[in-house]
Amino acid sequence: MKSVIFWLLESSERKHFAQRFVNSLIIGLIVLNSFAVALATVESYKVIYGDIFDIFETFSVVIFTLEYILRLWVCTEKEEKIYKHPMTGRLRYILTPFAIIDLVAILPYYLGAFVEIDLRFMRAFRLVRIFRFASNSKTLQALGNVFKKESRTLLAALLVMIIVLFTASTIMYYFEKDIQPDKFGSIPEAMWWGVAALTTVGFGDSVPISVQGKLLAGLIMILGIVIYALPAGVFASAFVRELRSKSFFDTWNLVAKVPILKNLDASAIGKIVEILEPYEVKVHQVIDTTKGMYFIISGVVEITRGDESKKLSEGGFFGEMETLFGGKRNVIAKATTPVEFLILRPKYFGEFLEAHSGIREVIKKEVENRSKA
Amino acid sequence: MKSVIFWLLESSERKHFAQRFVNSLIIGLIVLNSFAVALATVESYKVIYGDIFDIFETFSVVIFTLEYILRLWVCTEKEEKIYKHPMTGRLRYILTPFAIIDLVAILPYYLGAFVEIDLRFMRAFRLVRIFRFASNSKTLQALGNVFKKESRTLLAALLVMIIVLFTASTIMYYFEKDIQPDKFGSIPEAMWWGVAALTTVGFGDSVPISVQGKLLAGLIMILGIVIYALPAGVFASAFVRELRSKSFFDTWNLVAKVPILKNLDASAIGKIVEILEPYEVKVHQVIDTTKGMYFIISGVVEITRGDESKKLSEGGFFGEMETLFGGKRNVIAKATTPVEFLILRPKYFGEFLEAHSGIREVIKKEVENRSKA
Amino acid sequence: MKSVIFWLLESSERKHFAQRFVNSLIIGLIVLNSFAVALATVESYKVIYGDIFDIFETFSVVIFTLEYILRLWVCTEKEEKIYKHPMTGRLRYILTPFAIIDLVAILPYYLGAFVEIDLRFMRAFRLVRIFRFASNSKTLQALGNVFKKESRTLLAALLVMIIVLFTASTIMYYFEKDIQPDKFGSIPEAMWWGVAALTTVGFGDSVPISVQGKLLAGLIMILGIVIYALPAGVFASAFVRELRSKSFFDTWNLVAKVPILKNLDASAIGKIVEILEPYEVKVHQVIDTTKGMYFIISGVVEITRGDESKKLSEGGFFGEMETLFGGKRNVIAKATTPVEFLILRPKYFGEFLEAHSGIREVIKKEVENRSKA
Amino acid sequence: MKSVIFWLLESSERKHFAQRFVNSLIIGLIVLNSFAVALATVESYKVIYGDIFDIFETFSVVIFTLEYILRLWVCTEKEEKIYKHPMTGRLRYILTPFAIIDLVAILPYYLGAFVEIDLRFMRAFRLVRIFRFASNSKTLQALGNVFKKESRTLLAALLVMIIVLFTASTIMYYFEKDIQPDKFGSIPEAMWWGVAALTTVGFGDSVPISVQGKLLAGLIMILGIVIYALPAGVFASAFVRELRSKSFFDTWNLVAKVPILKNLDASAIGKIVEILEPYEVKVHQVIDTTKGMYFIISGVVEITRGDESKKLSEGGFFGEMETLFGGKRNVIAKATTPVEFLILRPKYFGEFLEAHSGIREVIKKEVENRSKA
């Protein structure tokens, strides 16, 4: 019983239908709660649908409470040793960031009777929990990795930004304090202008009006371009690199399914994997053969040249490659089942063929055979 | 008749004069309609030119209606089987996004008598149709491909943005609701501020005024740099990559026209294609010979060295390359007809010559011959 | 006389002192005029310094007129044939963009008596002329090239932006026209909002207030990130590439001055040029030897190891390379004259040594000799 | 005594505890002063905590004065000859930018009695001093290098921006001066709008209202995207490149500690260094073995395959590599001490193995041994 619930709620692999179903329900309820909390703050909706919001809140909190208790109960099933102990393990679990968010989401409801302030809107913060459910997403993992790897660089960029911000705001305070005491009456107030200027947001609620203030602002705004580019450039570039290296292993596993490729030795596969691209098409879709050479991993493709047509399945290959060896053009390829491919883009043809003369011969012969037909 | 109209309106290749003419007329009319719709909303123009706008509208709608009926009639000529059936095929065509836009553009005119609301401005939406006409543009195709390929990454970036937006807006609502109930009176209203801050647009119509609100806003705006960089960086980087790989095949076809290059085997051509760049000059233009080595694909170039001059045509080559083998400098090259080239940039000289010693010898001899002359 | 003035004013190479002097004077006068025009529009300065501005204006216009007449006179000396004819050549010159700007800058002064409107501020437009003077700048040339090369891509990006802008503004007009007829009363007025939103400028003078308007605006602002990234990414990436390829030839010419490198054959030089970096230090400057291997092109460097010291001149080399072959560390290198180098960065050591075993041996021996000493 | 103080305050290497302690104290005091200066400008805090601020100010200025005098005293200990002379050396030191900032931070306090204006807030500018303390940071060094290297390009980008700004503002002045004389009454005032538009900040305090003004503004804002991308793109791309080349030498020193790698010759190490990545894990952390091949530099890792487990220490290697040679998967690696690694990412497997067949054999045998076990 306990391990089943653990498997349903906390298992890191979520392949079984029941797991997906339970998790989808929870995600759905979280998203709906966020909507409900947001809409309940709109006066006009509150008046009309107030009861529905209340009922939904009670219902959600009950479910969330149940979920919280269950997670707390089964957390000792986790692989990590620190959670194994029935008492200290559970205490440790309670102090994990996600468990705190879960608690924060339900607690205000129960405290409603004792506390004056209405904190029930905190239910909405469970939205952050979606990151936990989406933790299988490659993109989000890549995002996390980039934040970890580049944290020093990002902090240094932040340090530069803060020093520029502070210095500029101090000078601006000195320039504007007597003219606009309501907006630049203190350095922290001047920094509110500075943040808006440096991040290029520019709300415009606080703007210098003295000549020297405007000159300084102009300088800071132009300098801001470079200061803005720093973290943005580092982050974007690291993120793109991270994403590309992520897809490497997925491709590797696919290469092993293509007969013409799988007999290569390890180092050759290592090279090929980098230049192949996985790709999927739906049933009945027409495939643009000019985009590269296609190796079929699963499914059936029908190749039509003029009147003749032929079916290729797992391990077959076709595409623009043929023109290299004098094959016929104007080929129409159509998926007769859903098909998975690996594509070799034309820009890698030369590199690929030169390195693997064996493969080259196989392809050449195959193309000649097809041309004769 | 039917196939001629299909060929005029819907053919994917538009090379014939008649096709271009018809399509240009339609594009022109669409653009003019967009202008007319926009200007007709300006009160002062409406008063003066109202009649002209009305006549132009009637004229345009008649043409568009005719076009719509013709497209519907000939759609059975399309290659795709699903459009072949006279009834269901046409129904399917009606439900394609572009056909719906076409209908939306003309329908309000006819419904004008029955419906109260004036929806005739919807004619302007046909502007989107220009994407259909421009679908041959490599850049727009690349754009479409990038959207398809990177959709998961963009969605993940969007998810991060939405969660940050929602969380920040919820807290901001809590900070500001009592001070500015007109602007932060509900979470959705606070989100209007949040979107403006995170996208760095910063309209400034809704700005926090409490100290804690400004602190949170400052944090979010700085975090916004990174969140902004995510989709922007992914998209820009994928777009640049896509554009580069697009031009590969165009170059390939040109290489086959240069005698010195075309005898290379396929894998060598694959390599060269990647480092050559197609280029065109107008008649009488002077060519900057220091920019690389030029292979002439079509046209005639006049090379002048001091007093001597010489004409090179298809298959000839010249340029900075000569300096490598001790050729003369200060060469003036001038196009005597419009000329198409392939350029080999200096940074690839080494790579190119090393790989193809045969070509190297040919070039060396040629340069020595020229120097003797 | 005529050719001397041509050489002074229009020569494309500006190496002689007299040329530089004349051109600097003109640039200075242009910049000063821009300042004068700008400051003369400030009421308070005009009142006090009005006379000085007037005198300076008369003086400048006289000089500019003289310059214009001289340029017109000598333009027949230009290399291009189309300017050779005394009459038609000069007419052609008058119609070049820069000549038109020159005329526009002086004409309003003379027309002042006849025309009512004060257009004398147009003198300021001569600032654009600085691009002509700066046309030797590699960066500005690269900028121009990128604009030319990427014009299609930039136009496609612009097309996408305009269609999105027009469509969004049309819908926004429909949403807001009745609520804010002063700001969204027509589609062109709504487009003013749209441009501010899509370019992330967000002035905030025109902002939707209806719920559906804000929803649409939010969508457009998020979509705007991607639309903004398109031209920015393409342009930045093309610009960076262009800049890097520009510096290739400058380095090439320097390599020929280093004995150890210049005997390599052409293809090897082609490779090395790409990984070497030109660098200059001032006299008495201490050189950070850990940054790579230094090849001296001109000047003298004093190398100190503990107590010994040695002078290296043209063709000598030193730096972190020595550690590879067991040389001593803690070397202090100091320029005893201004010195020009080529630097080989550590990340290219492997590549470089493997490719050129001859060079490798020379370096190894040299380092061993030094270590013995 | 003097050299000890020099060592504490000015030594470029700060590894000893005492050095770190003293420098941390100074940094902390600088940061606290910045906070104090900022908060002291807020009226409400000033009233309540005014005395504390005053005491803290006196205390800080005393410390800073002491520090300034000590630095001035010991500056003759610096390596650079120009500071050696007791008089002229100290004078030179006083004129260095950081010494001026130090003086500016304390002087206003002493001048308070003589000068009317309150300049004591200048203490806050000592925040810039943090750059000096952080000068060991690789990121900040890289930032400085990029500014130096790319200064020409950045200046050219700035020139383009200024000319576009000036021209646009001049035209805008002409369009708007009669309608909004308070905001566009002079060219400098129009430039305030222009800077906000070109940097995409868009405060919105000064916005064109004429039709032609809005058209021009729209154009400039769209052009602004490209002008903004120029310095941002150049800077971000140069910064990313600089950061990557920085880490080269650190890795080199680590490679020498891995037995299987250190016997390679210099050129081979040069290649490997580029593809290895340094990495650290804390004690008890589980290592994701699918991320590449790990070479242990220091520390102990426990490898568990099913029931067997094995300890690897300095010089050992493990990871996804094994799958290449048919090793077992599902390996759990856990650090039993803090561990330093070099990681070889999967995308470099092919390249690495092909180049070093010796290493390949060693790895293969090792994997076979492990599989047998």
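For clarity, chains are labelled A, B, C and D in written order, and residue numbers in each chain start from 1.
In the analysis below, a residue touches a chain if its C-beta (ideal position, glycine included) is under 8 Å from a C-beta of that chain, and two chains touch if they have at least 3 such contacts.
Per UniProt, the chains are A, B, C, D = Cyclic nucleotide-binding domain-containing protein.
As the structure is a prediction and not an experimental result, all values here were calculated from the model.
K.L.:
Tell me, please, which of A-C, B-C or B-D gives a repeat of the A-D interface, judged by over half of the contact pairs matching in residue number.
P.N.:
B-C
K.L.:
Can you check which chain pair, A-C or C-D, has more C-beta pairs in contact?
P.N.:
Result: the pair with more contacts is C-D.
K.L.:
Just the number, please: Cα centre separation of chain C and chain D in whole Å.
P.N.:
Averaging C-alpha atoms per chain gives centres 27 Å apart.
K.L.:
Please compute the C-alpha centroid of chain A, do the same for chain C, then give the distance between them in whole Å.
P.N.:
Their C-alpha centroids are separated by 38 Å.
K.L.:
Touching at least two other chains at once: which residues of chain D meet that condition?
P.N.:
Residues 188, 191, 196, 200-204, 228, 232-233, 236-237 of chain D touch two or more partner chains.
K.L.:
Does the chain-touch network form a line, ring, star, complete graph or other?
P.N.:
Graph shape, chains as nodes and touching pairs as edges: complete.
K.L.:
Could you please specify the touching residues of chain C with respect to chain D in the complex?
P.N.:
Against chain D, chain C makes touches at 34, 37-39, 41-43, 121, 124-125, 127-128, 130-131, 134, 137-140, 143, 154, 158, 161, 188, 191-192, 195-196, 199-205, 228, 231-233, 235-237, 239-240, 243, 290, 324-325, 345-351, 353-354, 360.
K.L.:
Where on chain B is chain A touching in the complex?
P.N.:
Touch list, chain B to chain A: 152-153, 156-157, 159-160, 163, 166-167, 170, 173-174, 177, 185-189, 191, 196-197, 200-204, 207, 211, 214, 217-218, 221-222, 224-226, 228-230, 232-234, 236-237, 245, 248-249, 252, 266-271, 273-274.
K.L.:
Using the touch rule from the top, collect the residues of chain A that touch chain C in their complex.
P.N.:
200-204
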